[in-house]
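Below, subunit A partners subunit B and then partners subunit C, in two separate complexes.
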Partner chain A sequence: MIPDFIWTNAPALLVAIPLLGAFLCPIIGKISPRARNVWVGGIMLVTAIVALILAYRVFTDGTVLYTFGAAVPGLSIPLDSGGIPIRIIFTVDAMSAFMDIICAIVGFSAILYSLASESRNSGLEMYYTLFLLMVAGVFGMVSTGDFFNFFVFLEILSMASAGIIAYRVDGGVAVEAAIKYFVLSSVGAIFVLFAIGIYYGQYDALNMAMIAYRMQGSSLDMIALVMLVAALAMKCGAVPMHFWTPDAYSMAPSSATAFLVVASQASLYGLFRVLFTFYNLTLNAVTVGWIIIILGILSMVVGVTMAIPQKDVKRLMAYHAVSQTGYMLLGIGVGLAVLGNQPLMESFGYMAMNGGVFHILNHALYKGLLFLTAGAIFYRIGTRNLNKMGGLGHNMKWTMVFFIIGALAIAGIPPLNGFASKLMIYESVFIFNPILAIIAMVVSILTLASFVKVFHSIFMGPKLPEYAEVKEAPLPMLLGMGILASLAVIFGLFPDIVVTTLVSPAVHALTDQAAYIASVLGGA
Partner chain B sequence: MANLFQTLVTGAGFWNPLAWLLGIVVALIIAYLLWTRGEEGWKKGTPQTEPFLSGNKEPGKDEVHIRAGNLYWGYLEALKGYYDRIVPLHTGDLTDYLLWYLSVMVVILVLVVIYA
Partner chain C sequence: MSKLVRFAADILYPVVLIFGLYIVAHGHITPGGGFQGGAVIATGVALVIVAYSYKEVIGWIGKGGLMAREVIGLMGFIGVALFAFLFGMPFFYNYLAGQGGLFGVPVAFGPNPGELNTGGTVPLMNFAVGIEVWGGLSLVILYLLSGLIEKKDQEEEGS
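On to the complex of A and B.
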């Protein structure tokens, strides 16, 4: 049914297709805008299908290896390499496949949405080129098994993201936001490169499985760990390194903002990969676990409290994105803190991690959806200022319905998807430390309060004279929002099947360091 | 197919959205039945449907819309001490952003070294 070529080469195609799409986009844009739109939509659709095929293969057959340049993709160690995997290897385990699914869904929805939302702007060839480069960057980061290659994709993602944040020049404000993002990302990337140098100097390897296999937990390793934790936590917007987030998220076009959420999650993936796959029990899991927990709690509290007084709807949502990242850090941090204690892992550690990882998926769906609804409103009324809005529910009913779904999901209201993952986090974290669980619940209440304000400000009230003629968002935008809203509802109604099929295998892939190493080095 | 309707076990508890939905539907049906047994004296389009504002004339709809800036005034006033400290930290200055990032890295390094 699935062509053998795609089945075998899916990991490489995952990056090759969006790269090809990106670089040919300016040329195809010369033909006609319609041809460009068909090209971009087609490229993203094919990439998403390949990602889903790869994920299906991983969840049914196990970890997929793809060795670039090898006669057989699964042959990770050449016979004359001295037992070291010297080629670039993509190692797609269940955690990577889980992230691939998120990238495919949000990427496709955002591109579909952008076909209408960006149609009034100029320079769209460049916009879509940057967007597809972001897609390639995320797919590369979450799929690669080579740490230097991870750095390369991180840089591709950062550069493309900075370009797309600055796309809507907006009196220089967008450019300022992009420069802030780019400088911070570059400084973070330098530290990632330092860490890679430390590993390479000690272990003669850039392959992630090889580094994990040879990891000794030396002082140098700890320095590398600190540099990676700080850089990747900053890239995912953890407090107090979150300052770039509201600037960048609010100034980027909304379709790009929805994907920037996924880009941040790719860094979160990198952070988790370093902690569990590289170090695992060689680090002081309790200390580092608590560091991650504290970053999570700070993100949750500062994010939501900073969101409430915001008047720019996208800045408000950006602060909520920071807050929600805190839940993921909290869940994973609790799992890490008890990593060495199998009874505690069985009791609540795996559940906390399941909750944290499930929340990554849920957050990508509802936060992506919320940014798209904000973009639909901006598209129609030309402002992001909540004080200037009101009564739009009369004219933009579908957008309002999608916003309600996103808002209830982010606030953790049943039966939407955000509730299921938050419940898993609350209950497991409560056993670990009740105060942390109470803070998490209070943050959810504040999130609901914040979105009640946003809902009222945008949609409720009488039809205002200045918006009397406002129309509903165009069909492609509604379809983009509709896909994410539908999945937020479906994943909320059937959480067990999502956890059993996708989340739990991802968490076990993340924690099972030996299996990851064996999947690469065992193929020699 | 049976898996679709399985309950999510969360360690200390469980969650079945479909059972929850069923409960909501039953509650809505009960609410509807209660509503149908209510008074039928309400007449649409008559003065009885207009709001009573101490005998004053009702202002125009666009004049009474409560905008975002008017919401949660009490909450923000109650947490004024917190906001007076946390908001100024968001300076918008890239140098400060870098300083925070590097400071956090140093703090993490100190913690990792102390508890090594």
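On to the complex of A and C.
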């Protein structure tokens, strides 16, 4: 049914197609805007389909290897290299495939949405070039099995993101946000590069499986760990390194913001990959686990308390994004703290990690959706200030419905997806330490309170005279939001299916360091 | 700038260009490569902007041409990599190495002075990256220096 060519070359196509699309976009943009829209939409659709095919292959057949430039894609170790994987390898295990699915869904919705939402701006071929570069960057980061290659894709992603944040100059404010983001990511990237240098100096390897295989947990490794955790936690927006998120998320065009959420999560993926695949039990798991838990708790509490007084709707959502990242860190941190203690892992460790990883997917869906609804409102009324809005529920009914779905999902209200993952986190964290679970619940309640206020000030009340003529958002924007909203509802109604088929394999792939090493080095 | 500087720039520009192209072409056997060579070429553009004014230079080196170079370079790079699929090989497979011809002379084992016609697709990718960086970095320099404010009287004095 699926062509053999795509089936074998899916990991390479995942990066090659968006890159080809990005590079040809300036030329096709010269022909006509319509041709450009068809091109960009088509490229993203094909990429998303390839990503889903790859994920299907990973979840049925196990880890997929793709060795660039080798005679056969699966030949990870050249015959004459003495057992060392020297080529760049894409190692797509269940966790990578899980992230690929998120990137495919959100990327496609955001591009579909942007076809209408950005149509009034100039320089769009550059916008789409940057967007497709971001897509390629995220796919590369989550799929690669080579740590230097990870750094390269991290840089591609950072450069493209900085460009796209500055896209709507907005009197220089957007450019300022972009510079802030760019400087911070560059500093972070240098930390990552330094850590790579430490690994390379010690273990003569850049391949992730090889580094993991030779990992000794020396004090140099601990220095590398500190640098990687600091850099990647900064990139995913965890408190106390969160200060770039409100600026960057609020100033980027909304379709790009929805994808920036996925971009942050790719860094989160990198963090988990480092902790679990590189170090695993060579770490003092309790200490590092508690560090991750404290990062998570700080992010949750600081994020939500900073969100409440905001007046700019996208800035408010950006602080909520920081707060929700805390839940993922909390879930994974609890899993890490009991790693190696199999009875505790079975009783609540895996469940906490399932909750944390499932929350990545849910967060990408509902937070992407919320940013897109905020973009739709901005598209129609031209302001992001909550004090100037009101009564929009009369005219923008679909946007209102999507906003309700997103807001209830982020607050963790039962039939929606946010509830499913948060419940798993609450239950498992409560066994580990009740106080943490209580903090998590309080943060959730504050989130609900904040979104009730936002909902009221945007949609409720009588029609304002200045917005009497406001129309519903255009169809492509509604379709983009609709995909995310319907998935948020479906994943909320059938969470057990998602957890058993996608999340649980991903978590087991993450914790099982030996399987990851064996998939590349062949049982060495 | 003064006539002396302009004259020196006139002489040096082709030299810088050729040196950059040399680094690009020898990228697979000597230190350097596409990016470094392209960056050297872009310094040539910086040189003429410093020697002349932005307005004069933009007339000689069009932005459209540089943009085209950027796109052609990038397309060349990914095209060379994608071409491997036609041979039924993985992405980035080096289908020219050891095949004879302009790029595929087999390399003798052990230390050797370095044969230019080797490397398979590697020199092709260096060319592509070189063209891309030539266009891209020159554009960056043009945009950075487009904000220069020229003092009117000084320019008259110079010309």
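Criterion: the second predicted complex is superposed on the first by the 522 of 524 C-alpha atoms of A that agree within 3 Å, B and C clash if a C-alpha of one lies under 4 Å from a C-alpha of the other, contacts with A are read in each partner's own complex, and residues count from 1 in each chain.
Assume contacts are C-beta pairs under 8 Å (C-beta built on N, C-alpha and C of every residue); 3 or more make two chains touch, one makes a residue touch a chain.
What you see is a predicted model, and the numbers here were worked out from it, not measured in a lab.
In the superposed model, A:Ile27 lies in contact with subunit C only, and not with subunit B. Residue contacts after overlaying the shared chain place A:Tyr269 against neither subunit B nor subunit C. In the superposition on chain A, A:Thr287 makes contact with subunit B only, not with subunit C.
Touched residues of subunit A, counted separately for subunit B and subunit C, are more numerous for B.
Looking at the shared chain after the overlay, A:Pro73 reaches subunit C, while subunit B stays out of its contact range. By the touch criterion defined above, A:Phe491 reaches neither subunit B nor subunit C. In the superposed model, A:Tyr167 lies in contact with neither subunit B nor subunit C. Look at A:Ala420: by the touch rule set out above, it reaches subunit B but stays clear of subunit C. By the touch criterion stated above, A:Leu19 is placed in contact with subunit C alone, subunit B being left untouched. On subunit A, the surface touched by subunit B in one complex and the surface touched by subunit C in the other have no residue in common. Across the complex, subunit C meets subunit A through its residues 67, 71, 74-75, 78, 81-82, 85, 89-94. Every residue of subunit A that touches subunit B in the complex is listed here, in rising order: 179-180, 183-184, 187-188, 191, 222-223, 225-227, 229-230, 233-234, 240-241, 243-244, 246-247, 284, 286-288, 291, 302, 305-306, 308-309, 311, 347-348, 351, 386-391, 414-415, 419-420, 423-424, 427-428, 430-431, 449, 453-454, 456-457, 461-465, 492-497, 499-500.
Within the complex formed with subunit A, the subunit B residues making contact are 3-4, 6-13, 15, 17-18, 20-21, 61-62, 64-69, 71-72, 75-76, 79, 82-83, 86-87, 89-90, 92, 94, 96-98, 100-101, 104-105, 108-109, 111-113, 115-116. Residues of subunit A touching subunit C in their complex: 5, 9, 12-13, 16, 19-20, 23-24, 26-27, 66-73.
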